[in-house]
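Below: one structure in structure tokens.
Chain lettering (A, B, C, D, E, F, G, H, I and J) follows the sequence in which the chains are written, and residue indices restart at 1 in each chain.
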Amino acid sequence: MDKLAMTEAIMAKKAEKGLTWEGIANEIGCSPVWLTSACLGMNSASAEKAAAIAEYLELSCEVAEALTAFPTKVWDQVVPTDPLVYRLYEIMGVYGGTLKEVIQEKFGDGIMSAIDFTMEVDKVEDPKGDRVVLTMSGKFLPYKSW
Amino acid sequence: MDKLAMTEAIMAKKAEKGLTWEGIANEIGCSPVWLTSACLGMNSASAEKAAAIAEYLELSCEVAEALTAFPTKVWDQVVPTDPLVYRLYEIMGVYGGTLKEVIQEKFGDGIMSAIDFTMEVDKVEDPKGDRVVLTMSGKFLPYKSW
Amino acid sequence: MDKLAMTEAIMAKKAEKGLTWEGIANEIGCSPVWLTSACLGMNSASAEKAAAIAEYLELSCEVAEALTAFPTKVWDQVVPTDPLVYRLYEIMGVYGGTLKEVIQEKFGDGIMSAIDFTMEVDKVEDPKGDRVVLTMSGKFLPYKSW
Amino acid sequence: MDKLAMTEAIMAKKAEKGLTWEGIANEIGCSPVWLTSACLGMNSASAEKAAAIAEYLELSCEVAEALTAFPTKVWDQVVPTDPLVYRLYEIMGVYGGTLKEVIQEKFGDGIMSAIDFTMEVDKVEDPKGDRVVLTMSGKFLPYKSW
Amino acid sequence: MDKLAMTEAIMAKKAEKGLTWEGIANEIGCSPVWLTSACLGMNSASAEKAAAIAEYLELSCEVAEALTAFPTKVWDQVVPTDPLVYRLYEIMGVYGGTLKEVIQEKFGDGIMSAIDFTMEVDKVEDPKGDRVVLTMSGKFLPYKSW
Amino acid sequence: MDKLAMTEAIMAKKAEKGLTWEGIANEIGCSPVWLTSACLGMNSASAEKAAAIAEYLELSCEVAEALTAFPTKVWDQVVPTDPLVYRLYEIMGVYGGTLKEVIQEKFGDGIMSAIDFTMEVDKVEDPKGDRVVLTMSGKFLPYKSW
Amino acid sequence: MDKLAMTEAIMAKKAEKGLTWEGIANEIGCSPVWLTSACLGMNSASAEKAAAIAEYLELSCEVAEALTAFPTKVWDQVVPTDPLVYRLYEIMGVYGGTLKEVIQEKFGDGIMSAIDFTMEVDKVEDPKGDRVVLTMSGKFLPYKSW
Amino acid sequence: MDKLAMTEAIMAKKAEKGLTWEGIANEIGCSPVWLTSACLGMNSASAEKAAAIAEYLELSCEVAEALTAFPTKVWDQVVPTDPLVYRLYEIMGVYGGTLKEVIQEKFGDGIMSAIDFTMEVDKVEDPKGDRVVLTMSGKFLPYKSW
Amino acid sequence: MDKLAMTEAIMAKKAEKGLTWEGIANEIGCSPVWLTSACLGMNSASAEKAAAIAEYLELSCEVAEALTAFPTKVWDQVVPTDPLVYRLYEIMGVYGGTLKEVIQEKFGDGIMSAIDFTMEVDKVEDPKGDRVVLTMSGKFLPYKSW
Amino acid sequence: MDKLAMTEAIMAKKAEKGLTWEGIANEIGCSPVWLTSACLGMNSASAEKAAAIAEYLELSCEVAEALTAFPTKVWDQVVPTDPLVYRLYEIMGVYGGTLKEVIQEKFGDGIMSAIDFTMEVDKVEDPKGDRVVLTMSGKFLPYKSW
């Protein structure tokens, strides 16, 4: 079973059971963001986590196995068209130079890792309109000379 | 004075005085991320903020005026090459679909605004390596039918 | 049922019954533009509207369910080739800078939302050739400092 | 004097005199959108309109002459990055197929001209946030067989 | 029946009957260029013309119906690779600026319509090698101020 | 003197003297289209023609020499943005497959040369709107086996 | 039978019979390069040549017919990735300007035809490593004025 | 002196003295193609060859030095627009797969080197039109396992 | 059997038997990198090596035959998105100019062959985090004049 | 002094003194690859190393200061054209999937860092042709769940 079939099986079962990513994540004991990325085939799960997900969703062990496979991460659109995703691209374009200035002022020459990385999504209620709060945490990796 | 010349003037004065974005922002009373983006020409400042920035840096009122101009936001590289900025692009590619699932599960059909938007950068010390923490807050905008 | 199959089912039934978008919209009580975009899979409908559309067209509740799904908005052609759509692209290219000047003169620094947005199409008869009138209304979103 | 120098001269004088596009257009007797596009070098003016613009702004007849030149319309960014202009591009992508359906249902096979074309920008005040209203009017051009 | 299946049905029948585009066009009473473009799915036919084409080719009324559908005009290759079509692209590149000068000298600021447009192909015999003669006729559309 | 400087010199003198491409071409005894392409640097002129052009325009022999240089033909925009030139690109996209069918039906497998090629522009008056008529004549080049 | 199926049939039969392009070409009496291009669907064969190829390979007359069809020449990769083909692209990039200088010095303003064109591949043995020798012969086509 | 200035100096002197690439090459004792590529900055010359070229052209030793620099080979156009160079690109597209078949049939799995490579241009007179003959010789490099 | 089916057959059998690339390579007597590239269809194997691989994996002789076919090397993504592969692209971008300087300083004008080329991957344990060591060895190919 | 001017100053002085990257690196006590990348503006140097480089080259302290600035890493060509750099791109394309398999077999799901990274270039003499040996060492970064 490849990642595509795995994702379809998970999405179908999740809809059928009326579950949410948040609900599944709480049950499994992990972050909803990481859980979703693993179920969409963009991260691999450990054997234990994969088994727990498949068991909770009452899916076969082929699904569990597919969850442990190391994914090849591919996105087709160089510039994303979906408005929600495009806004992230816009933030990168508008604030990329700013983040470079501010991060390197605080940490020195280096980058924020996208591998040793976690992210959370929160909802903050606000009378003027609720707000999406994204919190990203990545290890700082300094450049080194040799 | 256009935004380019404005940025150069600010960068030169900041280096000469040995200031940091964080220091200037504290002095002016605003976020370092917003301040940097305005000084790099990617946001406009109110007349008062612009005057305060120019005064603190001992720069001319042409700089203050240029800070208030509404910028045309342009980035040249469709896919950024600088490693720090590319990692943000990679996060958008790897986690874009995940964020769509998680945000829309919490909020319904809509997007996170990149206009009614704030961002902060924090340094979290960690014995295994310090971490960069980015916190983005954008108003949720629901799609509407008509 | 995914959005593609939903659109095909709606188009086939609409042709079979000899209906128009305008006629369906009047029946449902919504704008023809919004209705068409929902039926083409570019917007989601509320459960009530979706049920009304499916019922009026005598289509299954799978179609109604598919109408409520939150779409991933994708277009394949970076520059559209169809002449009708290209003309819109050309308007954006020729008048983009002009609209930036005129909108920001009236409203200040910010954008016209494409999310909190409605659009109508009207036909204005004219002896020298009828005219297409597009009316777009988008909420103004001001940039903010923080 | 080429269009670039012409635009710079007009922008400088407009700022110096504290004028608005709307004010100049009222004075000249034309639409602010058309006026702005001509001053940005994306449309040509008749000799009379060009003279009136130059006179009102107290600019040389070289500027008037440059306003009458037929422009070569060029935009550099296939996908615009400025958020205000990008939203127009997004509207074309999301609603392009919808407009094709709705316009051709009303008019038959053909297009909306971008040449025999006018556009207005209005501000509609709204307690939930003011709205930008764009009204575009283009002659319908039917395809013909031969 | 979509345009693709329609074209395949027409091409197969045309080959089976040993017909030419020119022969069919003469029979129907239209231009071979227009006829071919309609049969390749790049133009729509009136109900009468569509019926005549289907009848002459002894094809079903589904084909006639497909011929009347309003096409979405799509081409995949931004720069065409087929040598015959590339030469047209090269002519546009080499002579585009020239045509702009010469057409606008004769007609004023405006364009040649590609919608109100006809084209013919002729063969001119020549002892040094026969020549292809393309004659394009498009309505001149002047830009207008407003 | 390179082609760019040559074109500028010719354009300036042509404007100063109030000449037209058609008028110069009649004087020199050549086609206005060819003349314009040579003056825009997209074709080379024979020594005699170049001398005649320079003499008639009262320009230096450096201009004549530059007219005889073999040009490197470059266009920057893969898809042209200027509306007049884009319409030619659209014609190539919409009618490219049609022209391949019709030309190869008349001539066999081969192409229309863009090198052994001439083109004319005519104005045909029409009460419903004047028409631009482009006539292109290119030698047919058959493919050969070997 | 389309060109794709034709190529597959020819490749399968060639492998089954253990033939080489050179061997087939000698049998048919043509160049191996031309023969291969026709069998790969990038050139059309005369009825006689097509029949001879099909007969020698013991393939059906559908294959012969497909060999005579006029191909639409398409390549997908703007920059080829296969190392053997990329080296040809690199030669065009590195030596394109040089060839323009040297060919036009010898022949005047014009091009080498890629239509009236033949090519051979030879193997030249060399103790330091055998060499591939490509010989291309294309008719010179001079630009003409008109 | 960089390669650009070197090429300009050589071109100017060559024009002034009325020399040809072929004539200079015969004088220096090398191939006109290689000589031209070195003078256009796409190959480096040995110190002796560089000195000989500079001396024959009566140019400074800065030119000789620039000729010996190792070039960074850059071409701007992914698909060349100049018709002469485009035809080479077309040959690569149309015949690339053919050359792969024929070369690998003769030599096994590997490529023709574009580094250990020579090329000549010849003129073959022909009453039906003179022909350009390009002869390329590249060392065959076999793939190896390890 | 084409390369795609071959790779699938090998991957399935490798997973079923619980083998590693390193284990298979040791058994066959070759490098794990080369073995993997051949099994992924990016290199061809000699008849002996192919037979040994198929035999060891208990796969059919069609697999062995497919391993000996000369591959057409294609990659779809001009800029790879998978983070592991992107890092190699980034190294090429950041260090490409540096490698040109350092290699040409050591060897003269020329390149490192990617054909006469071997590569190994090693794991070096390190208390601060294990390291991936890639060792590439390519024959230096000097440019030559002629 | 920006990085561009810094690189020019270093290159000029290095040429004038007849130094090599290897020689400077030995003098400073660092790797020639790192030293070259810092001098080309693709890495930053510590204050001590920067001072040592400037002093050894007898360059101003502005150069030393520029060496310590954190670079924005930009490369213009998405696919490099220079043959030496292209070969690295080709290796990434041909062997990218292979490296993913082999590295992840040895280390688990993760990547080789391009930040915590060193590289060396060696020359290995070989009677069949000297070989370039590139040795890259990057820290393995495992993906983590959260």
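Methods note: a residue touches a chain if its C-beta (ideal position, glycine included) is under 8 Å from a C-beta of that chain, and two chains touch if they have at least 3 such contacts.
The model shown is predicted, which means the values in this text are computed figures rather than measured ones.
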Treat touching chains as neighbours: how many steps, at the fewest, connect chain F to chain J? 2
For chain E and chain F, which third chains touch each of them? C, D, G, H
Selected interface, E-H versus I-J, where C-beta contact pairs are more numerous: I-J
If you average the CA atoms of chain A and of chain F, how far apart do the two points sit, in angstrom? 55
Chain B to chain I: how many Å between their CA centres? 42
Centre-of-Cα separation between chain H and chain F, whole angstrom: 30
By residue number and range, which residues of chain G touch two or more other chains? 33, 72-73, 75, 78-79, 81-83, 90, 93-94, 97, 100, 104, 110-111, 113-117, 141
Tell me, which pairs of chains are in touch? A-B, A-C, A-D, A-I, A-J, B-C, B-D, B-I, B-J, C-D, C-E, C-F, D-E, D-F, E-F, E-G, E-H, F-G, F-H, G-H, G-I, G-J, H-I, H-J, I-J
List the residues on chain F that touch chain D in their complex, please. 77, 79, 81-83
Sites on chain H touched by chain I in the complex: 30-31, 33-34, 38, 43-46, 49, 70, 72, 97, 100, 104, 108-111, 113, 115-118, 141-146
Can you list the chain C residues touching chain F in their complex? 79, 81, 83, 86, 90, 93-94
Interface residues, chain G side, partner chain E - complex: 72-75, 78, 114-115
State the interface residues of chain C toward chain D in the complex, per the touch definition above. 20-22, 32-33, 36-37, 40, 42, 73, 75, 78-80, 82-85, 87-107, 110-114, 116-117, 119, 121, 123-124, 126, 128-141
